[in-house]
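Both of the next two complexes hold subunit A, though its partner changes from subunit B to subunit C.
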Partner chain A sequence: MIVAERKELEEIKEMVEPYDRILILGCNTCATIRLYGGEKECEKLSIELGDVFKDKKISYKVVERQCEQEFLEDEAVKKEIEENDCVLSMSCSIGPQTVVEIYPNSIAVPAQNTSFIGRAVEHGIFQERCALCGDCIIDETFGLCPIARCAKSLMNGPCGGSHDGKCEVDPERDCVWQLIYDRASRLGRIDDLLGIIEVKDWSNGMHGTRKEVKHV
Partner chain B sequence: MSDLEEALKKGFTVTGEVGPVKGTSTESLIKKTLAIKDYVSAVNVTDNQTAVMRLSSLASCLVIQREGIETVLQMTCRDRNRIAMQSDLLGAWALGIRNVLAISGDHQYLGDHPQAKGVYDIDSIQEIAMIRRMNEGYDLIGNELKGKTDYFIGCAANPFADPFEFRALRLQKKVNAGAQFVQTQCVFDADLFEKWMEEVRARGLDKKVHILAGITPLKSARMANYMATNVAGIKMPKQLIERVEKSDDQKKTGVEVAKELIGEVKNIKGVDGIHIMAVGWERIIPSLFD
Partner chain C sequence: MVVIKGGGVFGLSLALALSGEEKVKIYEKEDEVGGIVRFLDCKATGDKCNRCNACLLDDLIEEVKKNENIEIITGCEFEGEDVIDATGYQLVSPLESEDVITALDFEKAKGEVEGRKIAFLMCAGSRDEHYQERCSRVCCTYVLREANKLLDSDPEKKIAIFYMDIRSDQLDVYDRLKADERVRFIRSRIPYQEIEQLEKGVRVKYEDEGGIKEEKFDKIVLAPGITGKDQVFDITETMKSGFALAYDLLGKKEIKLPIKEGERQVLAGGKHEIETEKGEGKGVVYLLDDRSSSFETREKVKGAIEARNEGVDVSVLYPKKGLNLKGEEELYKEAQSMGVKFFMYGDLNLSEDRVSFRDILSGRELELEYGSMIPPSGEAEKRESFARDLGLLTPRKNVFLVGGDLSTDEQERDAKAALIMPIDEPLYKAKVDKDKCALCLTCVRLCPHDCIDIDYGEEAAHVREQGCFGCGICYSNCPARAIEFVEEELFSTYACENAFPRADPGVKLIPCSGSMDEATLLRSVLRFGSVKLIACYNENCKNYDGDERALLTVESTRRILGEMGYNKDLVEFVRKSKREVNHDSG
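Right after this comes the complex of A and B.
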């Protein structure tokens, strides 16, 4: 799931300030399950903004998925987007980008800082598990991703800052190389870690090439 | 062959370390270097140590080498991608640098520019392998170099970080990648260090890589406490902190402790020398050899 965190109200206020009619657009998939941009959160933000901007028309609507064209092209959604000056998207950053691609005359701004893709480690707590690097190596690291979960993305860790199983950058964060070592140890395969993981091909990731997958 | 490699081949070797300042002033760099020059075979120059932005390691190395002493260029993976690293390594060789220390580097979040984007394109082990390749005359993807490097390749090792059992194995990876010498994290607990060395010897690494034990003279109990609690991967015995705390002359006790540690690590099989990290207290180094 894609995990995001709502921006501070101050920042959102600045983004929507120039517009009179604001449509808060929620998303029923990751944003709802991850509790950042579903109906409840849209309603809450509309009240907060309504308190600040008494003269603006603020409404909200939730679509099934903002990452898919068909849900944004729905007639009722189309009408609302066209009737408002600004779409304040509550989805991950795919949402506002899809809105402006489909409706070139529209303005769409993000209410969220899209953080990572990850999973719920316990109820309501989400952790990153994938950095979308485009060159997966977790077969060599016992199923745990050091690119996403090591502060330095070390492919041959751990660095000298691993302490009591935690990371020197953030003592609340697990040192993924400790976890990798623990798994290797449990499986009796510590010497597998002697192999050097070679330099990575980042060109499949966020470094210039087109990221497009065709499922046709 | 670099002076450092030659010294290590001859016998017990001492190296020092200096950190550049934030700014263009090289005065303190030269002063610190001159203070230790007669006691060390080479001076290691840190690369934006503790992730605090400073005068570059390469520029500082050149300034120091003008004083007639060889340097070890530190190069972290934090601030440069593979293109910049190789380019700087070629440049450093062309300008007379003969030793390099490959390290991942302190994380940018812990320094003075915590908002910075970290690079970490490659890691320190991959960096070692990359430098070995450059020594063979090729860049990382196999293009031939017009004029190759011949660096004496160093790495760091922290015997005291977790998981302890993995530490010697990780050094083995570095040696397999091409590391020829290693500087360890500061040793304050010689017994624990010896425990790590046992593992190192069991893997035959003492025969393959020159090992320099890290030594830091403690200036005060405050410094001891700070290092014990704030520097990752430092293991400092409580008795040692207490000994400095109770002393009437903490500096003197700090020097005594360092001298004792030097004596202890000298006797450990497989240790080829010491690397002194005086962190600003370089002028004390001569008294470690009284």
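Right after this comes the complex of A and C.
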């Protein structure tokens, strides 16, 4: 699930300052489930902005998924978007981009910094589990991703900064190579770690490539 | 290895409990293990077992002897430190002579005593400032059983039972004896100096309702006071966590419990009325009835002391059954020394401003005019305070602690008491709007009562209604606002109904502080300038962590206020308990 963090209020204020009618647009999928852009968060932000900009019209609406044009083309949503000067999207950054593609005359700004793909390790606490590298190797690391979870994205770890199972970058953070090692020894397959994981093809992921996948 | 000093029931049971993880050595100074219980006689009458449990000792000993991890050394007293002291209890007996024996001697003689007229003296050495002030708790029960057994084995016996009040739950035996014409129950305490050993038999003088009497008995059986050793219980703290927990349960560690409506009125209402009546010089009457629990009695006597402190004339009227102040006799003394009047009443007549009754102890007809009268609590409160008396209540709704007592009788009684407790039904129950539910699992993860799961057919969260306690934690946390709950109206103070004692026009009582959400708090700040959320003390929350969730909500609201440029302190978070006497209205 896509995890994002809401921008500071100051930054949001600057983005919406020029507009008089602002629609806070929530998303009922990742944004709701990951507690950053569902109805509750929209409501809170509308109270905040309503108090800061007393003479602006602030409203909010939640759509099923902002990444799907069908949900944005819904009549009620269309009416709201067209009636307002600015859409403040509470979804991941796909939301505002979809809005402007479908409504070329509209202005859409992001309320969130899209952070990572991860899971809730407990209620309200999310951790990154995938770095979108485009060449998955977790079969070789017993199901744990060193690209996403190692500070150096080492493919043959651990490094010298692993202390008592924690990472030198952040003492709260587990050293994923320690976890991989522990898991391998529990499974009795520690020898499997003796091999070297070859350099992978980074051109499949990260930056600079045009990514498109066809599932038809 | 663990060394236990003393092979009585406690030592043996403890050895068994510890033997799973440790080697245990028991040192017993006598030649046999089993302690005092060894001497106890079976109390069965005819074919009827009266559940004295004395025979369970044999099973216990057999089990311990079979256990490979336990070694028993008899005829040897262990000297040294680092042992668990399980050396049992001692009897506090005020006197003994040829025909005045203790109940333990009676047991040792298998209940065979000479003579026809036998007297049992309860509370001999207990509840007496010269010996032991507190109640020994088990004496009434075994005296009833002993008397019952005695009549059964020798139908010619005439029995007199001298008592202060009967605190036993052996109602069947009590009723049987009460109905038997060979048994007299005499509510009196024979002064020890008035017990005279004759050449044969004993002569006593005592006072009861009919005045001073003199009587001769063939034998007197004392139910002596029982005193334990404090260090027996200290050892549990050094033991493993499992035992520390058991200790908490057995020790019935005091928890700040919120109390129910009726009792609250007695406390809060009582004080309030006193204030208004103070100038008129009329007194306050606290009325107890046959079914007043020791909790109720204690609270009323405390109320009486408080009222007396205000300079009001205070009377406490209690029934013939006695003043049920189990274990808190010093409270009675304190009240008496302050001038609170106590009356044991018969033939009570209540009118609007006066109460008339027969004062049993003096035999006079009395009439009291009162400014306010605090009645005995009602049925539901009686049940709750009964359960409280037994130590059954936990801070959780509909969750009771049963089986902390040692005897099976008491465990059974506890279980029954828990069963008759009224089920606490919530005012509101959560409901899910299926269309809005995003299946985020927030409610499933946060529900403290574990009553929400996912209905895969409906593709929405589903609240199991019977399990819902109406705390509203799911409502305040649902990111899709899919949970319907209480209608919102803005107030400047919100209080958990378990934390705040009374309805107040400025205060909105909510089912749990955890049901409060940031949006409502923010709106209230913007409307009223500030907002206050009153939550329970940490261990008091009936919804496990409702107060913690409320604190998270408050912190998050403060953060938002800070972002908006407001003072973060506009949201105030206060912990309170319904039982705190001094409270402000916010």
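Throughout what follows, the second predicted complex is superposed on the first by the 216 of 216 C-alpha atoms of A that agree within 3 Å, B and C clash if a C-alpha of one lies under 4 Å from a C-alpha of the other, contacts with A are read in each partner's own complex, and residues count from 1 in each chain.
Heads up, the rule we're going with is that a contact is a pair of C-beta atoms (placed from the backbone, for glycine too) under 8 Å apart; a residue touches a chain by one contact, two chains touch by 3 or more.
Keep in mind the model is a prediction, meaning the values are calculated, not measured.
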item: Room on subunit A for both subunit B and subunit C (clash or fit); value: fit
item: Touching partner for A:140 - first (subunit B), second (subunit C), both, neither; value: neither
item: Contacts of A:174 with subunit B and subunit C, given as first, second, both or neither; value: neither
item: Contacts of A:41 with subunit B and subunit C, given as first, second, both or neither; value: second
item: Of subunit C and subunit B, partner touching more subunit A residues; value: B
item: Partner chain(s) touched by A:123 [first = subunit B, second = subunit C, both, neither]; value: second
item: Contacts of A:33 with subunit B and subunit C, given as first, second, both or neither; value: second
item: Included angle at subunit A between vectors to subunit C and subunit B, based on C-alpha centres and rounded to the nearest 10 degrees; value: 100
item: Touching partner for A:85 - first (subunit B), second (subunit C), both, neither; value: neither
item: Contacts of A:8 with subunit B and subunit C, given as first, second, both or neither; value: second
item: Partner chain(s) touched by A:51 [first = subunit B, second = subunit C, both, neither]; value: second
item: Shortest span in Å between Cα atoms of subunit B and of subunit C, once chain A is used as the common reference; value: 24
item: Subunit A positions touched by subunit B in one structure and by subunit C in the second; value: none
item: Residues of subunit A touching subunit B in the complex; value: 151-165, 168-169, 175, 177-178, 181-182, 185, 190-191, 193-194, 196-200, 202
item: Footprint of subunit A on subunit C - complex, ascending; value: 436, 438-442, 445-446, 478-481, 517-519, 522-523, 526, 560, 563-565
item: Complex contact set, residues of subunit A against subunit C; value: 8-10, 28-29, 32-35, 38-41, 43-44, 47-48, 51-52, 62, 120, 122-123
item: Sites on subunit B touched by subunit A in the complex; value: 77-78, 82, 104-107, 109-110, 118, 120-126, 129-130, 140, 156-158, 161-163, 165-166, 169-170, 172-173, 176-177, 185, 232-233
